[in-house]
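Next come two complexes, and both contain chain A; in the first it sits with chain B, in the second with chain C.
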Partner chain A sequence: MTVVLPQSPSRPALRHRLAERGVDRTLLLVLPGALAVIALFCYPFLYGLQLSFQPASGGVLGAYHAFFSEPFARKSIWQTFSLAIPASLINVGVSVPISYRMRRDFRGKRLLLALLVVPITLGTVLTAEGILEFYGPAGWFNHTLNLLGLASSPVQLTMNYTGVLLSLIISGFPFAYLLTHSYLSGIHPSLEKAASTLGADWWQRFRHITFPLLLPGLMTTFCLSFVMAFAVFPSAMMVGDPDGKTHVISIEAYEAALEHFDYAQGCADAMIMTVLMLVVIVAVTTLRSRLYSGSTGGKG
Partner chain B sequence: MSAVLDRPATAAPGTDPDAGRRRIAIKPGAWITWGVLGFFFLNLLGVIVTVLLNSFGSSWFRSWLPGGWTGHWYSDAWSEFSLGQVLWTTVEVTFLVVLISLVLAVPASYALARRDFPGKKLVMGLFVLPILVPPIAYGIPLATVLYKFHLAGSVTGVVLANLVPSIPFVVFTMTPFIEQIDPKIEAAARMCGARTWTVLSRILAPLLLPGMLAAGILVLVRTFGMFELTFLTSGPTSQTLIVTLFSAVNSAGIRSTQSIDAMAVIYTGTMAVLLLIALRFVNPTQLVARSTD
Partner chain C sequence: MSTVTPMTTAKPVPSTEPDAGAAARPASQLGALELRGISRAYGAHTALHPLDLTIRGGEFVALLGPSGCGKTTALNSLAGLLPLTAGEIVLDGRRIDTLPPEKRGFGMVFQNYALFPHLTVRANVAFGLKMRGVGKAETTRRVDAVLALVHLGEQAHKHPGQLSGGQQQRVAIARAIVMEPPLVLMDEPLSNLDAALRLEMRSEIRRIHQEFGLTTLYVTHDQEEALSLADRLVVLHEGRVSQIGTPADLYEHPANPHVAAFMGYRNLLPLTVTSADAAGAAATGRGLTVRGTAVGDGQLREGGPVTVAIRPEDLRIAGADEPALGEAVAEIVEYHGRVLHVEAVTREGDRIHLKSSGTVRPGDALSVAVDAERALFFPEPAPSTVAATEPAGEVPS
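On to the complex of A and B.
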């Protein structure tokens, strides 16, 4: 009686070889989620991309040509950057010293962190509504300035660039702070203590120990803050000056697609927006990859 | 939360033995830090309280406080913006999004947490993209596609649009959670003769429940506050509260700011309740974590 092996023993079945590399039936579980993202994100995005090359007039690149040849539309790029870059720099820049101060545990720290979540969840619409009334010409802020004798006539803080910047800071600062805080708590305090025993003062400790370890995290925080600020839409409409100084690129895209019903132009604007944003992210990520990316000895 | 509230009661303020805390009060740098944070919170409080006071004031011009107090703006807002229907749509949309995104994303996060396979980076990248690209940039092509299939303007369209950021969000909340569940527990159950269904229902489901609850609440809060996608894809009968609020502020017409503010207060109140529930289950920093870095 001879046993006929289906395969030579040195070569296990394909199923086993695949399982060794982690491919088995469990992987099918990824499919529903992945297919949903492909259908609802990738397909519309590619559809929008090809639609942007089929404008009603002007040939293949007509929609892009229309965007860059019209000064009002072209200027929206500059206006978006001039809002997003200062807002994210302020948010990240202020977060660093504050979270450095607060890296130790103290009473009510959890409460403080919980309070910082409030503006994130208020959403931009409600923040904008509040800003209109609080910083408005008859609002409390101008009342206080008047009372302190800092301004004789009301300072115009809404319906312009300042209003949108304020809204970006109110909704963006807690976000940047919480992220910076979590990165900073991932750096083990013993590193600083070691530097301290070697005679480093607080500035040297911050400059040569904590800051280099924190920098990669800061760059990620900057990227995420930038993405949020770059897509500013409701506050630019409500507290800004949407037809002038704060005519940002998202308003331009929205007006093209859903007010003039020129979907090709709207999609082209959305593509320009995505490309500009990706350029900034890739630039920051490239910079980040040149930095130290090892263990920070902490819990994170 | 209870730990935070209990501690001040046990330590008397004058006899605080915490030396680190006393040192904070002396350094000038600390004063600036607290000052900046205090100024920020003061402004934040002002922004919220002005809206709240205005919604209860009969008229408010150039004074510190409104002239008189009234509650009729709420009933005005309720009938003027048909808030009953809007709130119902909001509840419908958020719960559908939470449910569907959990059903689709939890199995995916299980596979991603347990297996290391060729192309895993690609799948991860697929899930990172919707979080990284701002909603308005993919919302416009998405709205175009939904209009093409006659889905935009209905609750279905709004739910579909809101799934895009929610599915990756659940994946990135759940994957680390599943990773810390020991796979040996499942193996042990298998050894004892449990079938796949038994492992799922008796072993995995109870272990996953806290994580699913946290992810679900986070998605709930985010969908409730998601403006851009809902704004781009909703029609007159499928607006959520935040979109109605925006339209009321932004569209021309004779509308009293007080009744708009009343609606804003209803929005904030609901959000605050959701937030309090959420904070019982999750860490504040989890609310902002948008990607796994």
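On to the complex of A and C.
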């Protein structure tokens, strides 16, 4: 017969102490995902980072110095921002009134929803091709303008800034809309009803109740929209002006790495791009953390 | 957030004297509100059949009925949150049913409170005043007075999420009454609270109604709540008015078996009339024989169907020489302090409910009796939904 000594009450079992801190066996399920992230993201990132500090000439920071001392390369920062910021603002801004309206039931809602979301299923290349065909100098859009007598010569909407912006809106809007829609449906409808019984007209209801509750969600949507737009590459090449107005950072990095075979420079460009994205995201999330972000249900 | 209240020599600071604001208020902001045949249909389904009702200033009216009876539809139509299908609403001679909710100026307390989660208690209460463009000093004065009235002065800086259910409820009431609305609409405001708090808030609502000189329309499915709070009750059933009257009217003289069921007549027995004359009426069927009093509009005729309504507390165990209503076997006995609630089954399988101060055990054979004036005879057959075994609403304990 064995005697089991009772555990000292002052020192609970290790498993219990770990559980107190939220650590238990189910946490092991995270392991495959974590390994994949390390292998597929962290390693290439760190590899690229160290590569960016080993340029052929100019010392450790040579590649970075080269980027910032070259006016054409430096300008790509401005060109990327001037595409990504308006595109994200338009996507988020337009998705607010549309999802606000889509909260109610009406005939044909499902069809409209499908039409709004379908561009997700199209690849960027297909979208770009569509834009070229539709908005091009000989496309339907210019045909129609010409027939209506609104323009004597074709309006240039492709192979320039406008073409890329259109492409970013078409491919980015569905994401922004879906996110905004789900944030908006999380706000209990009784809040607006309460506001209306308190004398608030539709604009006051939106301004004082719905918008402040929606704003944190809109900021998250903006971040995601921005990241997608900031990494613009195929559309900048296909419907833009890659050697001029739409020479964005990703094209700069691509040319350095795969046209001039300067891997160190390409990596440095990619790192600059990452830092710029992070700066924007950190700024937006800092701003977001200062807003109200609790429950948006009817019961406070 | 708070601004300093400019003090005048004539007025005391409201927050130190919570009753000062209430005492200075007129008896009511409302002369009369008339609902003229208001109805609401959803496609082919009529949720609310034409309803006529006049609410006088200072009155506390309860709309009572089981869920789906149209009471919330009526309230939302009145608030302007639902358009009417027909009828009109007239406030002191002015037609208001075409106005949007923000123009009606009624205060409304929602079932889920609908407090704005991102605003403090003070900002929640001040919201309506801000929308109306009331000045800052006046807003502060009125908000302070109302918060003192609902005993929430200390919590003014908190967000709704930091408050208990009862406190949130009081914020919702404060927010609705700070506008001094001609009419306050309350949609089952106590249904999310636990039993003890519900009792406490019930008297609180009545106190605020009186102190603030409000006119209140209160929707509930709880007849005990309605009886204790309201000056007048409107019982709705399947979108139609069953009866309108004072609590005593409805409690003592229910118009039909449906209202009777709501007023605690838990035993509704479908029997056949054997005699009906000036001295009284008698009915029999399903192994039971009962003498009672004819009520309601219809005429009793011998051989015709009748619904006999008896409260559990009026049904007693028959004495030795007393004519019994029938025999039943006790099945479920619940302890309720001074009395036992007994559910017994008759030989025919009907369930009857009675209260007994003596000892009853499950399985005991009981011979039950009722005084003739306590057994109400409703000539019309009971609607199928109001069955004797299925009492609507809660029974007062």
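The rule is short, and it goes like this: the second predicted complex is superposed on the first by the 268 of 300 C-alpha atoms of A that agree within 3 Å, B and C clash if a C-alpha of one lies under 4 Å from a C-alpha of the other, contacts with A are read in each partner's own complex, and residues count from 1 in each chain.
The rule we apply is simple: contacts are C-beta pairs under 8 Å (C-beta built on N, C-alpha and C of every residue); 3 or more make two chains touch, one makes a residue touch a chain.
What you see is a predicted model; the values in this text were computed from it and never measured.
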item: Simultaneous placement of chain C and chain B on chain A, clash or fit; value: fit
item: Chain B versus chain C as contact partner of A:204, first or second or both or neither; value: second
item: Residue contacts on chain A - larger count, chain B or chain C; value: B
item: Partner chain(s) touched by A:42 [first = chain B, second = chain C, both, neither]; value: first
item: Touched partner set for A:33, first chain B, second chain C, both or neither; value: first
item: Which of chain B and chain C A:292 touches, first, second, both or neither; value: second
item: Contacts of A:195 with chain B and chain C, given as first, second, both or neither; value: second
item: Partner chain in contact with A:156 - chain B first, chain C second, else both or neither; value: neither
item: First (chain B), second (chain C), both or neither touched by A:212; value: second
item: Apex chain A: angle to the C-alpha centres of chain B and chain C, given in degrees as a multiple of 10; value: 90
item: Minimal inter-chain CA distance - chain C and chain B, angstrom; value: 5
item: Residue ranges of chain B touching chain A (in the complex, touch as defined); value: 1, 3-4, 7-8, 11, 18, 20-21, 24, 29-30, 32-33, 36-37, 40-41, 43-44, 46-48, 50-51, 54, 61-62, 64, 103-105, 107-112, 114-118, 123, 126-127, 129-130, 132-138, 140-147, 160-161, 163-164, 167-168, 171, 221, 225, 227-228, 231-232, 242, 245-246, 249-250, 257, 260-261, 264, 267-268, 271, 274-275, 279, 284-285, 287-291, 293
item: Touching residues (chain side chain A, partner chain B) in the complex; value: 21-24, 26-34, 36-38, 40-45, 47-49, 51, 94, 97-98, 101-102, 104, 106-108, 110-131, 133-134, 138-141, 143, 170, 173-175, 178-179, 181-182, 217, 220, 224, 227-228, 230-231, 233-234, 237-238, 250, 253-254, 257-258, 263, 266-267, 269-270, 273-274, 277, 281
item: List of chain A residues in touch with chain C within their complex; value: 188, 190-191, 193-201, 204, 208-209, 212-213, 292, 294-300
item: Parts of chain C lying in touch with chain A, wherever the complex brings them together; value: 79-81, 100-108, 110, 112-118, 127-128, 131-132, 159-161, 163, 168, 175-176, 179, 185, 192
